[in-house]
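Paired with chain B in one complex and with chain C in the other, chain A is shared by the two complexes that follow.
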Partner chain A sequence: MEQTSQLKLKAPSKLEHIIFSKWVVYLLLTPALIVLIGVFFIPMLLMLVQSLTDEQSNFTLANYALFFSEPFYWGVLWQTIKLSTFTVLGALILSYPVAMFMAQSKGKIRAIVTFLVLLPHLVSVVIRNFGWTIILNDRGMINTILLEAGIIDQPLRLMYNELGTVIGLVDSFVAYMILAIATSLYTINPSLYKAGAIMGANKVRNFISITLPLSLPGVYSGIVLVFSLSMSAFVTPTLLGGTSVKVMPALTYQQIMFTLNWPLGAAISFILLGTTIFLVSTFTKVTETKRYKVVFKS
Partner chain B sequence: MMKLRFSWLGVITFFILMFTIAPFLVIVPSSFTSENFVSFPPEGLSLKWYTGLLDMPGLTSAVIFSLQLAIVTAILSTVIGTLAGLCIAKYNFKGKQTINTLLLSPLALPALIIGIALLVYFTYLGLAGSFTGLLLAHILITIPYVIRFVLTGMATFDDNLEKAAAIMGAKPIRIFWDVTFPLIRPAVISGTVFSFLISFDNVTISLFLVSAENMTLPLLIFNYIQQNLSPLISAVSTVVILISLIPILIIEKIYGLDRLFGLNSNSH
Partner chain C sequence: MQYDVELKNIKKQFNKQDVVKGFNLQVKKGEFISFLGPSGCGKTTTLNMLAGFLDPSEGELFIKGKRMNNIPPYKRELGMVFQTYSLFPHMTVFENVAYGLKLRKKPKAEIESRVRKVLELVQLPHLHDRFPNQLSGGQRQRIAIARALVTEPSILLLDEPLSNLDAKLRVELRDELKRLHKQLGVTTIFVTHDQEEALSLSDRIVVMSHGNIEQIGTPNEIYNQPKSEFVHTFIGQTNQFEGNIKSINGSQIQILSKDGVVFNTVVSDSRFQVGESVNLFIRPESIFLGKEHNNSLDTACIQGKIKLVTFLGSITEYHVAIGDHDLVVRTQQPQKEWIEGADVLCCWNIENQLLIRREM
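Entry: the complex of A and B
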């Protein structure tokens, strides 16, 4: 006791300490902030300005107006939203059982499943998409098997269309959904199930009244993540959707790299970002109010 | 009853995991085919596509370029990110929360938009299509990961160890190298390895910044796939999978992949 008070007395004056650490703070943060401002904030600002100017560098909203006046562009935006929604649904269906299995298992098994969920995710999306090409193309694995088994006599069109795109997107992003749901399932207090059982609830009842409602925060954040990622995915729609699937990122890419209409390309990507943020925040708002309603009812 | 239900869930999980691993299960065998078109199951057995790798135009230079880019990115991001991460974890200063959010913000925006913004910017600066441009872009998107690794590593850090060293008369630099750094080393190394992986895999940002002379491996594959589906790509992909597996296993060994939770949110 006496020693600690002595140590306190012997510590250097507070003022000195503050000055020292303030300089250290600046020193440590400077490189990261330089990169952040120089390679992120300034470019983003420049892009925003670019989308709001015409050839004579005058302020204009023409690029945004052009997008909204053209039904073709509307169609592309709608297609993007539609595909992202299907991707979310697909990911949700595949994720829930895996997340439940992860929550029910322990130790080694859970670690192995987690590893297998994350593993594909750490290899380039181009390579995973190429793998799907081998499975889905006209002479691919599924068509070969079905043709040889005599189930079909014409190869099924499984890629270079919306189906292939959604399969590829689900595969790309399912890991986020699984982890989001699993984390919320991990936090469920097991005694709730005991309490449920004591009250006479069977497995199904327990699932409906305990597991499902308590996993909803994870489900919601998984939906938000997968939806936002799908909206801005470029590689998978290009490789598995081909030319027949037109999505916003591909449209942007085309404007930037081929048509070389940078202002329009920049405007399109901001419209994409704005739409995504709008849809995601509406979704969050709706699900949150719903949750409060449940609280007030009970 | 309990056991039965459990195993059903296990069976379903098994099939879903097979779905997510399916691309790898077909790529590797298909690279050994003796046919000239990717097929599964592969016909015949041959190594001709692996020897063919040497003749694939641009492959060797793309591999070397990607490795160089990923290594330099990993080193620079680790240094910059670790400094910033330590600062946020250890010091209390005004606006700390805001700075933390801002430093992680590159991960919140779609890679596509960052790619376009950088293309516009680098064109003004004359850096479009250069190594430096790609390097800056990759550093930008990997720093947030390093910071997050360091912050998680520091979450369990005991400040008293540093205080003890200071009381024993150690100088700040010595405290850092002998006390602080060894304790966060797994987090820092994982950050380095993860940065390497992100840079080595990146497509969406590199897409806008590569040029014919400076071509990364994923972009070379991306361009090639759109023209033809040759087993050559299976062979290239198998090699890339093997290269990627090394960093993945290192992270799993020293840090645990499961701790990556929420870390990887913008790798596309």
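Entry: the complex of A and C
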């Protein structure tokens, strides 16, 4: 007779019991929690208090009122939103084909492309932005080529304006968009394309009816990521935007470091935070309608 | 005569490996054909060539008399059901089923009535607002069947549609497929590795292994007159004798089995020579037990002793010792005298046996 071996579940040892107990998990979380509370939540709270008090430490909304009564500040907020929106659009257009390519390739090629997408992030954003100035300035690579070729007589203004800022921001954040879209494309069952084809859909039609709608979760999260990052970007608008481009983070910096008006600086940063949260949550509400919820969230 | 599907010497190679090695088949209108074989036998590859997802390396493919080589799937007017359901997750049941009609730019009213009709046909008329992830596996596959049928395709391709379902649903949906085929008469190609599905559904079965067609025949022929060792062993249960040919006398052949038993049988051709090693296959259901040889020319018999009797309800199974070998016999009419230890004669019609040269 053959002896059939039986699968026995080992009872957890005492040590395992201790390691996986709830309290140990909380204990392990504590260092991160202390750091987060100490260097993030408490300073944030202090900033909020500061934005709501005057010199005599009385409660006031004057800083917020000042912001909203001054068209200059309004303009900065609007420019920040505008630049972020263009950055999102630029990143979206550039990243979709790359994500498609990644989804269609396999193994080694996909790994190489993923590496290439992440490669620029190994270099600091400051260095990358200086790189862009070499390419974009009046005597930079692009202008030199176009001038030499006789296509233009005057150098094009490619930086120290909104265009340069958007180029820099897209370069900074496009990787997030690519990876977000690629991840959602990876999850599409390839037999859906077969089903589409057999029902009479050519490749274009399959893309419109299957790929595009099913990649929406990735597109949405890419938009949210790139938009929030662009709203709070400081280095790129400063280096590539020059004096003509003013964004909210730069305004905050200016108020705190130069004007030494900490309460106003604090108020500006909370207005930026509030605007970003409002726009992102509105976007999420609008996009995640009933159908989206049923299909992607359940 | 025009066939609905005709495959002429279809071959397919991947990386210089022959996956399908010369496939020839003619399918008549309304036939239900199964491609049956283990995984890797080329059945799915052949189906994918029919659908247009793969191009044959060689050979010609006709659907309704029209040459289909290099014609993309979306121009072939086929219906297909997949193992993984492959419903569009972001479309409702109605939108899924209506999709093919929308692509054909049918008027809205016609789409609605045809979708409603086909949903009634698969007995799920009330689910049109649901999304696929709100349905059970069985419901999903019914919707997928409805989606494949709504365009009234010339051929229906079924790629292991029952494999992802649990046992009870599988039988239920199998019967459903049979009913639909009877009702609609649509020419159907069904790929499966499950012999029961193939035997119960098909008009004809194509048994495949390693890229070759082993046998094409009705379920009855495939089961009762297997033409190759593979068909014998892959489908159902079988008894196997290894032996050598002791003598040949016309069509009469005497075989000396490995464990020293000698018996006579008859073959219709004279491919064999004395001394050759052969295998003889015979199914348990094809053997009848008796007391004496009826002396008919088309019957072969061998003497044995009943070792074990197992009552299985509608049938009874006997293990009959022949030399050191056990012959399994199944019958629906057991006799009282067939008890353990009794001497019996095991006979079969030579039509049901398979005698082949043994590969050394």
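What to note about this one:
We adopt the following convention: the second predicted complex is superposed on the first by the 259 of 298 C-alpha atoms of A that agree within 3 Å, B and C clash if a C-alpha of one lies under 4 Å from a C-alpha of the other, contacts with A are read in each partner's own complex, and residues count from 1 in each chain.
By definition in this document, a residue touches a chain if its C-beta (ideal position, glycine included) is under 8 Å from a C-beta of that chain, and two chains touch if they have at least 3 such contacts.
Being a predicted model, the structure only gives us computed values, none of them experimental.
By the touch criterion defined above, A:189 lies against chain C but remains apart from chain B after alignment on the C-alpha atoms of chain A. In the superposed pair of complexes, A:284 makes contact with neither chain B nor chain C. In the superposition on chain A, A:197 makes contact with chain C only, not with chain B.
In the overlay built on the shared chain, the residue A:210 is in contact with chain C alone; chain B does not reach it. When the two structures are aligned on the shared chain, A:273 is found in touch with chain B, with no touch to chain C. Contact with neither chain B nor chain C is seen for A:254 once the two complexes are overlaid on the shared chain.
Comparing chain B with chain C, more residues of chain A are touched by B. Note for the complex: chain C touches chain A at residues 51-53, 72-80, 82, 84, 86-90, 99-100, 103-104, 131, 133-134, 147-148, 151, 157. Every residue of chain A that touches chain C in the complex is listed here, in rising order: 189, 191-192, 194-202, 205, 209-210, 213-214, 291, 294-295, 298. By the touch rule above, chain B contacts chain A in their complex via residues 5-6, 9-10, 12-13, 16-17, 19-27, 30, 37-41, 79-81, 83-84, 86-87, 91, 93, 99, 102-103, 105-106, 109-114, 116-121, 124, 136-137, 139-140, 143, 147, 167, 197, 200-201, 203-204, 207-208, 218, 221-222, 225-226, 229, 233-234, 237, 240-241, 244, 247-248, 252, 257-258, 260-262, 264-265, 267-268.
The touching residues of chain A, counted against chain B in their complex, run 7, 21-22, 24-25, 27-29, 31-33, 35-36, 39-40, 42-44, 46-47, 50, 94, 97-98, 100-101, 104, 111, 113-135, 137, 139-141, 144, 171-172, 174-176, 179, 183, 203, 225, 228-229, 231-235, 238-239, 249, 252-253, 256-257, 262, 265-266, 269-270, 272-273, 276.
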